[in-house]
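Consider the two complexes below, in which subunit A is the common component and subunit B and subunit C are the respective partners.
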Partner chain A sequence: MVAVSEASYSLEGVGSAGRSAHSGECPVARADDHAGAGRPLVLKGAGLRSTMFRRVLQLGLGPGLLTRGLSTRRGVSTLDWDAKVSEFKKKIECILPGKPWETQLYDTSHLPPEQSDVVIIGGGIFGLSVAFWLKKLEKKQDAIRVLVVDQDHTYSQASSAGLSVGGIWQQFSMPENVRLSLFSVEFLRNINEYLAVVDAPPVDLRFNPSGCLLLASEKDAAALENNVKIQRQEGAKVCLMSPEQLQNKFPWVNTEGVALASYGMENEGWFDAWSLLQGLRRKVRSMGVLFCQGEVTRFITSSSCVEGPNGEEMVLKRIHKLHVKMDKSLEYQPVECAIVINAAGAWSGHIAKLAGIGKGPPGTLQGTKLPVEPRKRYVYLWHCPQGPGLETPLVADTSGVYFRREGLGSNYLGGCSPTEEEEPDPANLEVDHDFFQNKVWPHLAQRVPAFQTLKVQSAWAGYYDYNTFDQNGVVGPHPLVVNMYFATGFSGHGLQHALGVGRAVAEVVLEGEFKTINMSPFLFTRFYLEDKLQEYNIL
Partner chain B sequence: MAAPWAFLRLGIREWNGGTRSIHGMSESVAPGGNQKRRTLLQYLGDHFYDIQALREFLLLRQMLKLNRKNRSFIGINEKYGPYVTGALFILKLGGAVKFQDKEWIRPNERGRFSADFLAFREVPVEAVDASGCAINYLGLDNLLALKELQSLSLQRCPNVDDWCLSRLYPLAGSLQELLLAGCPRVSERGLACLHHLQNLRRLDISDLPAVSHPGLTHILVEEMLPHCEVLGADWAQGLKLGPEQQPQDTSSPVSA
Partner chain C sequence: MLKIILPSIMLLPLTWFTNNKTLWTNTTCHSLMISLISLSLLHQDSTNSYNFSTTFFSDPLSTPLVILTTWLLPLMLLASQNHLSKEQENYKKMYISLLTLLQVFLIMTFTATELMLFYILFEATLIPTLIIITRWGNQTERLNAGLYFLFYTLIGSIPLLISLINFNNTFGTLNLVLLSLKQPALSQSWSNHILWLAFMLAFLVKMPLYGVHLWLPKAHVEAPIAGSMVLAAVLLKLGGYGMMRISILLDMVNKTMAYPFIMLSLWGMVMTSSICMRQTDLKSLIAYSSVSHMALVIVAVMIQTPWSFMGATALMIAHGLTSSLLFCLANSNYERTHSRTMMLAQGLQTILPLMGVWWMLGSLANLALPPSINLIGELLIITSSFSWSNLSILMMGMNMIMTAAYTFYMLISSQRGKLTNHTKFLPPTHTRESTIMSLHIIPIILISINPKLILGLP
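What follows is the complex of A and B.
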């Protein structure tokens, strides 16, 4: 075995090493005439055989042709040859009998690969969506290596997975949001064409096409009408209802205080987010994306000074490596990457801070932080035997309280977004039942009289990746950290926009611009330019 | 290349027992299931990447074929009007159509039908019988323009699912009879959006395998559509018998 390794050194080595090996017959002499220390001197009896082998090759292929050709093909000339050789020698020594080999050769299957073209931080709906579209839109199969890093494979705290209410609706005030929702609905409808994996059962989304009902009081009625006009222009099927029509259609509603209602007739409702996530994961795995469980702890970057358009100095950063730390251990793996996608949901702000976004004097582009932070939201499940019937849509009240039916057994799911002063502490996911008693139930009982008698069965809490600036998402590259892209910050409607946003980010990464839906209003630069995208109704 | 292709086709049909569905390639073998049902292509696909790619392509092609069958006939619509378009679409899929005051038009066993109805430009279509046809969400485009449709039968349609039912609301003004018996993909979630059809007088929801609690769903649908006669699961199905209704077994010494 040693002889073979010797011969292979000479073939693959840097030109000089190979050539110096040719000259000496005597193995000892070789140590002197080559500058590289740590040349293996194990050539004892095998030395003669390998030099003859080399001679034959040399004669056959011309001097230096073999070594030079192979080294340029492999690009080996830039390797730290001596370090590699000593490492390899240590490994071989351990395999030899009499040495403890378990300590040297250990299982690294839990570690991510050392290099990856694209690293997606966050394996929730946004991360998987970006991975899916990157693999779908790449020009050649397996052209780019994609790695998805997530800190929790069980998704116990993921906002988009089991904790989500799962609603999807097109009733937004921004046309891009409406388009994103429409695209998501079309994707969900044809999910078994998009996510088909041979020999696997089809994805069962359990979509309830019951629609979404938004109620507006006097002061919001004009804004609602305007929004419905925009939604209709984009192709959403939404109709406006007066209080009398509302009472006729849904007799269980108390229309006191409602001036106008908008009702989505088609393509709106709710579905099982967990099965979507699992279906995406399965498909993305079959397309060749690598997964790793770990936490990103550090970015290794390099910066360069460039002159901006107004003549001022700008510091552009580029991420070269990131450190992925394993769970419950100090072991980490540096992963070399070309592009990093921040899809970490509620923790995106933390990841952005690690990359150095926001380190600078406030008011400058360098000092603009990513304003995404985790906010805790509660969802309550209650039982009400005389409640609204099978036709109940997802109802969003004027006060901000929302609810929907769950299953056939008179169970309902709902919650409310608290005001700024009442924001719960996001340090843990404990549920506050008093919040339901004081803030949610009175409004529910006022809007639906049948809810005066209800019994809370269970409740849970989850994080919103809350964008404190304008509660709309951040999509696209960062102007200063040139290879970090964002796909986060959608504050509660991420699940319905994720599929369209994933496609947009994949288009920017692969082709440089947004092709299908123009997401340029959602770029990071609006935080610096103080350009708010106000969205009317945040559930 | 025709010969090996035909050989593989033969292989598939034989090994599959002659039946193919849209997910025929993906749903056939349960994990640890019987070895007999494995197809030649499945076996080869486990061992070769190119056969796997071939299988994925075949799966995609099946889906594309279905979508082609369900395309909208825009040209026909411009020339002959919505009623003739809807009728042509249904007849091509293998269903039957009834124009107002006319007889039912059905294709014969060969799939051929007479082209007389092309003259009925202004005659509205009254009833459509699409039982067993491969109509899906896209195909409903052609049917939704039939504003005077009174009876729609979608019995045993393999591709009609909850999404299709959510699309039926434009027919609310005229639809009086809807038959959904035996559709494998319709569940109680799709039935919930039938509340738009306020003129419905007859609804058949029997034998829906995807509905989880047929008796309870029947009751809830009846509550949702008070003026409609709902034929479906017997509401007592699935209920436990009370003590007085237990069969009296006097022969055995130990009775309940």
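What follows is the complex of A and C.
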């Protein structure tokens, strides 16, 4: 159709920019002729002939120009040769040797590889620990391809990174937990031998071995004593203190309501979780593990029916591929994998649901879900110049409130686990300051009178990968989804167990059984068998 | 000869016009029938060669290779059924057509009378193989692999073209039957040395010789199963076959020029066997083992005694069947665990015992256990190279030990050991897979009873 503008003699039609190089003499309005050649300009309205005449005059009448100006363009106008030729020339230039040709093809460097032997979902401390031990325990160099997928490479919501309190203690009631913590301490003490990377600075963990003090009231005293016996059997150095001994050692404590206290004398304290994470990341990268930022959205599985030991039908699933979706886009990459490790922390339950774990009638093995869900916990940082001072251990009160010293400037940080009824909504990481005022401060002030005059400096919130069943971790393979392994659910004390758990999972993947620390009580099947592993004190 | 070539060509319309449901059945059965026809070549009534026409002939050297090629096509089709099951019908048919086309070219290559026809078809076999590797391979590295494969072989064969044309001009004919009647006598001049190199380079790259072998691990690992099978079993033998044919033309010069390449092959044999022991990828291990066996064939062809030629042909056929079998076994692992890493699939003997039998037989064949044809080939080559030079027995002996070592390493790490959780519930062996393995083993056993068939002399 025709669009003739009187006032502006601008070029119309496709690719007029290219053509202006030829017809540089004067701009002319032409008919955009799709149908073919030879149709004259169809103008509407009166004064048409005068417009045409004016235009002809302005063309500066050469004979060729006249015919070109007034007649319509043949079909060439829609093809835009000039732009195509220049694009083609650019492509040829890029393909010639010596020029980078990746710019012509779509850049896929942000996508994960199409195939990987092991895919670790979650790049926090558990994921990195499993990757590290897989690479360390493989018998030949570069035998296994490992890919770590994390949805946020800045770790802004990761529980084991900057948000973590970073404590480590051996005072557990399960002997495996004690062993895991002891192994972690040995790892942390020799961290620069484990995580050495050529030309990189050593890892500075800022490990404060100030110990951990657990206070028990009358009703918990017997359990505490029992636990200490188990811990001592495993080799932890813990001592029991009566209220008088407690008052002598830590004069700032108010021993009212305390029947017994257990104090770890060695290998307990806190460290900088962020530097551990960064050190691990650097080392794991140097060992050849690939990283990718993305979200796992789908598993492609195949199932087969087998007959169980009692003759019942079981449906076994095997994961063949998983889809990794890129951040803020719909693009995804299918990754073919042999083994999947679920180390997604607070989001492990969601990943397990994607893999079909828990789809079935409740009460059966198929219907047993992975009971890990995110729970929000607050950590508050306050300043108290009259506070306990440099000798403060990590103190866990009878009421569930805990605190520790932070730095050398009379700062302390701590928090409390809320009861089931007061669980905050885990949808976001907003801090509730009233929680401190109402639930934490009274107990703090009661236990340490100096804390009556504290001043809160800042607070943050983080997720626990909370195991709603028994608040202890899930480690090892799933009985029905045969190539998914778990390393998650440690509900707040994951950071200190991660290194040992990583080694345990690597042993199961590579050799088929737990070799150093036997983590079989932590297998998934305990959820089906209703076998709880209760921990006495959950911080 | 047309009785084999025409039915093979007619497999192409068969794949395109057949019913989708019976695609695999039809193509496999018809290619099996063609392989049965090819057995008729074994009946040689003339002492020199079985001349079909002026274009095609077959003699005891090329007959076993033709039979191997035609035997392999139904096996390739059986092996590819699983990984192609999710493709569109048109792509499946395209894949089968490429395999068929490759088979046609290969049959014609092995039976060509004119060396020029041989050369054209030699080059033509590259194209379907390249398409199979780059389009249907599994990893992103397949593009790199295809590139290496194509350019290594092409660069080797351009000098071959030039020297063939030159030879035709100076001597008058390139017909192998005629050439066997009158051998050209080449003098020991520099240009004849370069002529020798130009002739042989293509085949040395194809074999592959140790220095120019880089394309082989890449191509074998990245190719899909049918690609790996045909590459290992037949395409490598093109090099050996070509060398044996061309050496008629290069009689005098061979005595001096062969020396460095025999050295390189002896050394390469030991080197690639040692690399095998360090491999973590199963297919890569089998690929390097192929290089090692072919180095033996190169040594044998260069030495040029009757015993070494017999050993070379026997080893080519034996290795073709064994290597193809090992690749099928590795593929059966890969289809179950989706990973080629050996560490992740261990202890399989407990859950897949029948597959364990095939693994055992294949590994025993690979390490040249008596009385298999692998042993006959290797034995003849070792003895003839010992007579060529006493010192070569050191390298040969070391190679035999290391072959046994890496073969057992492969067998034990995949079959014995503790089952890991993700391998406990692998799907059981399909009948189709057992069929492929047995169809590889049965010829090895049958030919071991009558090895005269493959010894390459009338």
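Convention: the second predicted complex is superposed on the first by the 435 of 539 C-alpha atoms of A that agree within 3 Å, B and C clash if a C-alpha of one lies under 4 Å from a C-alpha of the other, contacts with A are read in each partner's own complex, and residues count from 1 in each chain.
Here is the rule we use: a contact is a pair of C-beta atoms (placed from the backbone, for glycine too) under 8 Å apart; a residue touches a chain by one contact, two chains touch by 3 or more.
All of these numbers come straight from a predicted model, not from anything done at the bench.
Engineer: Go through the superposed model and pick first if A:A221 touches only subunit B, second if only subunit C, both, or neither.
Structural biologist: Touch status of A:A221: no partner.
Engineer: Would you check which partner chain A:S210 touches, where first means subunit B only, second means subunit C only, and both and neither mean what they say?
Structural biologist: first
Engineer: Quick one: classify A:D142 as touching subunit B (first), subunit C (second), both or neither.
Structural biologist: In the superposition, A:D142 contacts subunit C only.
Engineer: Kindly classify A:E511 by the partners it touches after superposition: subunit B alone (first), subunit C alone (second), both, or neither?
Structural biologist: second
Engineer: A:V431 contacts which: subunit B (first), subunit C (second), both, neither?
Structural biologist: neither
Engineer: Taking the superposition on A as described, I'd like to know which of subunit B and subunit C A:L408 touches: first, second, both or neither.
Structural biologist: first
Engineer: Applying the document's definition of touch, where does A:E193 land relative to subunit B and subunit C: first, second, both, or neither?
Structural biologist: Touch status of A:E193: first partner only.
Engineer: After superposition on the shared chain, which partner residues are touched by A:L390: those of subunit B (first), subunit C (second), both, or neither?
Structural biologist: After superposing on A, A:L390 lies in contact with subunit B but is clear of subunit C.
Engineer: Considering only the contact definition stated at the top, list the common interface residues of subunit A for subunit B and subunit C.
Structural biologist: none
Engineer: Write out the stretch or stretches of subunit A touching subunit C in their complex.
Structural biologist: Interface residues on subunit A, with respect to subunit C: 113-115, 117, 138-140, 142-145, 304, 306, 316, 318, 320, 336-339, 476-477, 482-483, 485, 508-513.
Engineer: For the complex, give me every residue of subunit B touching subunit A.
Structural biologist: 23, 25-27, 29, 42, 45, 52, 55-56, 59-60, 63, 137, 162-163, 165-167, 169, 187-193, 195-196, 212-213, 216-217, 220-221, 223-224
Engineer: So in the complex, the part of subunit C that touches subunit A is made up of which residues?
Structural biologist: Those residues of subunit C that touch subunit A are 138-140, 278, 280, 337-339, 341-344, 347, 418-422, 424-425, 427.
Engineer: Provide the residue numbers of subunit A that touch subunit B in the complex, in ascending order.
Structural biologist: Residues in contact with subunit B: 189, 192-193, 196-202, 206-211, 265-267, 269, 389-391, 408-409.
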